[in-house]
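These are the structures, in structure tokens.
Below, chain A partners chain B and then partners chain C, in two separate complexes.
Showing the complex of A and B:
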């Protein structure tokens, strides 16, 4: 089952395109890291995925349906600034969730916030940034949606709160098997929890795929300056000194060149390499049927 | 859904409660000090302004300003349903307040002949309710257009005030032609109410379209 599918998706704000020709297919159950430089279209993609924005061109589907009406039951969303009703108490926010969502787990939400020492009687505006994030994310999880979309859930949190938020989220994922789409600037933190990567650049998908496969397919090739390793690969980025050359490369086959060594890369290295060369793309080609849908 | 709309209107309910108390006091004073007679009826002209500014204008714009539309519209409830309940609660508050005031004023006002320029004209029949609906709709439309509560409040204030002036002018013009008597003035009142509610309906539809169909910024 495909959790999230975009075909020829474009979104224009006045005369600038925030998203353009986005093709994407995220299988159910993945924890997706949505990364990209500021202004790449991450937030716009998320807003389209939860039905807040309508596409200008193409389409986006969540579990095969457009994200409006009844499909909203299957999607939960936490916006970047964690909007909640400031004058409500935490308990009242849980009640709102219960009233507005048929599958809502009010007991679970109450228990979780108790465990996190967020008192139910506290007014939302008195909460710390970390507590506010916990409440917003707890409500989204308690909706028991099949896809949960979190826009920069870790921004403005201290390291301990970051850890707790991610831990809570991963527990929920383990319990329910839901699909998660989360954006972040801190790629190192995503590597531990995410298994799928979507890198957006200038409103387009630059890289998409399972993280394990992406890491398997990329190597840092280091060899003497002035030489080129033999083999079949694509260079994404390179760094030259007087004595040696380093290539960030996507390999089709292992490189067998005794003068060159191939080192494994972290997700951060790969992502940064692609971000530095925004013209290089790498994602599974869109399925023909999807193209047909657009035309 | 209704629970959220009611909970969000709690502050505004308290505000309307204050109007209840104020009007009770005003009418009570009139009973004991006949010098003040007719005051509560005269001040009634400002009540639609209060509805437009405090009940209509905040409905959509307050959500945009605080970002809570991103919460409210991503629950399992459609934007149209959300909108409907907000409007229902605001309208109920306005209509309840109107019913209370017009009953109370009628109670303390001695016998009168209903004429076009009498202070009781806007307080009798369907006219006060139509103005309540019209005022809320005016505030609501500006709220959906501007997405700024203060701007919507100011626009609602001047919009309702200007409409009151225009309505008064048209009433006087029809009086000059038809010379309405106490027996048939209900016809004029019904026509006025009908026009107001029709315009309110169009404004409400426009506000719904701007809320449910237009992208939030």
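Showing the complex of A and C:
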């Protein structure tokens, strides 16, 4: 099952295209890192995915349906500023969630916030940034959605709060097998959590796919200056010194050239390499393979 | 039950680190046949990693015949990796270490020598 699919998706605000010709296919159950520089279109893509914004061109589907009406019961969304009612208590926020969402797990939300020592009687405006994030994300998880969309969930949180937010989210994934789409600037922190990458640049998809396949398909090729390694690859970025050339390359086949070494790359290396070359894009082939659900 | 840790700077993939830790525990006898591995949710609750990573490590351990997933019950150790106890072998290694130390070798020198001997042996059987 495809959780999120976009074909020729474009979104224009006045005369600026926030998204252009976006093609995506995210299988169900993936934890997706949506990354890209500021203004790349991350928030716009999320807003379209949760039905808050309509495409100018093309289409986007969530579990095969356009994100309106009943389909939105399957989707939860937390905007970047983690909107909550400041004057409400945490307990009242949970009751609001219960009223507005037919499948809402109020017991689970109460338990989770208790475990995190967020008092139910506290008013929202008295909470710390980390507690506020915990409340917003706990409410979104309690909606029992099949797709949860989180815009910068880790921004402005201290390291312990980041760990707790991610831990809570990953436990929910283990319980439900839900699909997660989250945007972030801190790529290193996504490597253990996310298994799918969507990298946007200037409103277009630069790279998208399962992270493991992306890492397998890219190497840092290091060899003597003035030579070119033999093989079939596309150069994403390069760095030259007098003696040595380093190429960040997307390989079609393994490179076998005795003068060149091929080093594996971290997610961060690959993402930074593409961000430095914003014009290099490649559209991924549609992902058709299904993976087992989380037990 | 064993507790996983994560070395985020090691460059080793997370699922591979989990596999290494289970194998290490099996070698040391910290895990024995019949012992249960933590559930994916338990691991995720400590390390804040993707549950699919844990499941993938467990599938790989199952493919190696070391553990067995019993649906609805959990994942259990099938086979130990504790090397058979051989006092003679251990004594001769102890003597070798003593001789090497007298010859002025440090721990790292000995480890390198052992690694060299092992790779030589691997080449012979290859």
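Just a few scattered comments:
In this section, the second predicted complex is superposed on the first by the 284 of 295 C-alpha atoms of A that agree within 3 Å, B and C clash if a C-alpha of one lies under 4 Å from a C-alpha of the other, contacts with A are read in each partner's own complex, and residues count from 1 in each chain.
Everything that follows uses one rule, which is that contacts are C-beta pairs under 8 Å (C-beta built on N, C-alpha and C of every residue); 3 or more make two chains touch, one makes a residue touch a chain.
Computed from a predicted structure; not experimentally measured.
Per the definitions stated earlier, placing chain B and chain C onto a shared chain A by superposition produces no clash, and the two fit side by side. Put simply, the three-chain overlay gives an angle of 140° at chain A, taking C-alpha centres for chain B and chain C and rounding to the nearest 10. When both complexes are overlaid on chain A, the residue A:122 reaches neither chain B nor chain C. Ranked by how many residues of chain A each touches, chain B and chain C are led by B.
In the superposed model, A:222 lies in contact with neither chain B nor chain C. Residue contacts after overlaying the shared chain place A:280 against neither chain B nor chain C. Of the two partner chains, chain B is the only one touched by A:99; chain C is not.
Of the two partner chains placed around the shared chain by superposition, chain B is the only one that A:83 touches, whereas chain C remains out of contact. Of the two partner chains, chain C is the only one that A:193 touches; chain B does not reach it.
Applying the stated contact rule after C-alpha superposition, one finds that A:2 touches neither chain B nor chain C. Using the contact criterion defined above for the overlaid structures, shared-chain residue A:155 touches neither chain B nor chain C, since it reaches no partner.
Least inter-chain distance for chain B and chain C in the combined superposition, rounded to the nearest angstrom, is 25, based on C-alpha atoms. Residue overlap on chain A between its contacts with chain B in one complex and with chain C in the other: absent.
Contact residues of chain A toward chain C in the complex are 29, 31, 163-164, 166-167, 170-171, 173-175, 188, 191-195, 264, 266, 291-292, 294-295.
Taken together, the chain A residues at the contact with chain B in this complex read 50-54, 68-70, 72-73, 75-77, 79, 81, 83-88, 92, 95-97, 99-103, 136, 143.
Across the interface of their complex, chain A is touched by residues 1, 3-4, 7-8, 11, 66-78, 215-216 of chain B.
Of all residues in chain C, only 6, 8, 11, 14, 39-41, 44-53, 55, 71 touch chain A in the complex they form.
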